[in-house]
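The same subunit A turns up in both complexes below, where it pairs with subunit B and then with subunit C.
On to the complex of A and B.
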């Protein structure tokens, strides 16, 4: 009982950290419980690991016109569609609460003290990095679909999910999956430069994740209909201490304390850490 | 105006990453690499990162050195 009370009193974003662990157990082998459950239900197809449910390939299939793959891999398609629907209605909470890739890099980023970590302060620059990459990625997907580029996928060349799975496999079963130049870059950028040495540790999510970028777009599109849960700042309570800027893992809060909806993942770090309780989570009202 | 130019330039640079990735990528696994691990690909990315964040990295290093009083 005392433990439960102590847990309730914790001012940190405790439920989010619990969901990180749930996300790891659900998607990453040797557990991969969600993948195992789906495979158990429909019959085993592939080894149950993070590769079993890819969060990015369905987008590439759509943009390259290979729609028939979506019927061939309904689990991947279903997961991505579900994540987008949730992003549209409730905000991109899959990215903030369940995604194991972002969870690992964000957890690692807490090792280094704040002054020694990098971040881009201007949200418009962060946004242009994110959607610039998405634009280039869509162009390459289109070229693959039109047959101008003779490769099967661009996603696998910078996939942080496969690197995470390879790392976990190397630790848990001493097996080494495929490593190539792309995975080394991802390992350096996702976990070291973009993870440990950036504020929030989600530089890879911000810049290179198509699901994250699409969820952000759906989030801001959902805002137009006005029924998603969002974070609102109380100008009266705010004393410009900048703690929200320092704790936001997506660099979505700029120096004017305005929140960029295309970057925000509804992680509630600003809500929990603000000393003046200036941020609250509310259902958005239609103006 | 300058800010818009910066945003556009960032957008173009970010948009060029996926095509660059396609051009640079060698299609080999590291175990079968003829260069024996001396891969130019991470070096290129490292150089880009150092150019982008050089000033910040320098200030971080100087902060670390100053805090730990290495020079005293």
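On to the complex of A and C.
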């Protein structure tokens, strides 16, 4: 019975979960079909994997002033720019629908039943954590660019993509599963604390992802300019049942039921699960 | 409410900065990344090579297992790794390179990925690296699977990376590599 109920819940927003699988197949080796296709097209023989398209390093290169790296790795740069343009126009749908890192931790939170999960109800505090991290990221990048040796990149040392790819490699092939302190810390925060012990399983995405934080800013900017596709709440239909707050994996809906655009990833969980259909996707409409 | 927002921002900001400082500390002994220049001779001390291509800092590697992070020492102490993403030809002619790591009793696993033709059986990059050029999109990881009984030694591995001209077999560069335990005061076998 519980299994049937679980499947019923999944079927409510089934396209999103199908896109999670597509995202895994597109980016994660041994499939990495999108990376494979790009590499094949440009004649690159590097084995494609989740590292092939890093969503973090281009930000570090930009903020550290090492722009020349962007020309050495144009695929990474192009992918990140594309994700930001999409966030500006359509919302951060890469985060909500395709990103394998977020998909795995959110899926884990749905699979493992755990009654006591953490969540920050005040979206302004969640937002402050997210952008405190981004500010720290920018400062670290600047210091690296200035050659300060007391600080090092947090890009590769704490990389959830790398941990995910290593785990998949260890399952699918006989490679050595090497853990350094950074990857152990990531495993704890991304999958264990973030995935199991928090509501929605996306604490890592909320607090430690520069692409997520930048996409949130672009989404918010797109919303302000009225050039966006996003979720809107109908005050009349809402009966304050709080289901939207419980199902939002990004803690983007506060107790007033207002949606924080810098956190929302247009995942449509609130749209699909609201019993009164109070949430709808809208085009070019400023609240 | 406003002070909670400021505190949240500062906590995340400072935690991130601390993560960067911690990263700088543990990178000296966990999956140490290093640069390779060929030909550079025997690297006996840290130096910057300024020939063809960009300046390359090369240095002998000393990896101190006691300098690693707490979680690493606790959860996976007996596998350590070194890595390079940068092999530059600083010479004046194109070279094909062959890599060799001085063997010991410790099993060493190679993982080589590059946008460059590579023969894994001979450990040779079969296309020449142009003067001033580098191997494109390189990632080489060497994993040292250290047996339990070696973990009590003061010097666990004393070898190095040899880079040869694959055509003439001439040794182009030697980077000494040592894996040590600096806090260890004895050399195995003692009990009391």
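Structure notes:
We adopt the following convention: the second predicted complex is superposed on the first by the 263 of 287 C-alpha atoms of A that agree within 3 Å, B and C clash if a C-alpha of one lies under 4 Å from a C-alpha of the other, contacts with A are read in each partner's own complex, and residues count from 1 in each chain.
The rule is short, and it goes like this: a residue touches a chain if its C-beta (ideal position, glycine included) is under 8 Å from a C-beta of that chain, and two chains touch if they have at least 3 such contacts.
The shown structure was predicted, so the numbers you read here are calculated from the model rather than taken from an experiment.
Overlaying the two complexes via subunit A brings subunit B and subunit C into a clash.
Shared-chain residue A:139: touches subunit B and subunit C both.
Of the two partner chains placed by the overlay, subunit B and subunit C both lie in contact with A:158.
In the superposed pair of complexes, A:47 makes contact with subunit C only, with no contact to subunit B. Using the contact criterion defined above for the overlaid structures, shared-chain residue A:115 touches subunit B, although it does not reach subunit C. When the shared chain is aligned, subunit B and subunit C each come close enough to touch A:180. In the superposed model, A:193 lies in contact with subunit B only, and not with subunit C. When the two structures are aligned on the shared chain, A:150 is found in touch with subunit C, with no touch to subunit B. Of the two partner chains placed by the overlay, neither subunit B nor subunit C lies in contact with A:65. Put simply, subunit A uses residues 124-125, 128-133, 135-137, 139-140, 149, 151, 154, 157-158, 178-182, 184-185, 207 to touch subunit B in one complex and subunit C in the other. Taken together, the subunit C residues at the contact with subunit A in this complex read 1, 4-6, 8-17, 19-24, 26-27, 30-31, 68-72, 75-76, 79, 81, 109, 111, 113-117, 136-137, 139, 141, 143, 145. Within the complex, the subunit A residues that touch subunit B are 115-116, 118, 124-125, 128-133, 135-137, 139-140, 149, 151, 154, 157-158, 178-182, 184-185, 188-189, 193, 207-208. Touching subunit C in their complex are the following residues of subunit A: 44-47, 51, 122, 124-133, 135-137, 139-140, 143, 149-154, 157-158, 175-176, 178-182, 184-185, 207. Residues 3, 6-8, 10-19, 21-22, 24-26, 28-31, 33, 39, 41-42, 45-46, 49, 53, 56, 60, 63-64 of subunit B are the ones touching subunit A in the complex.
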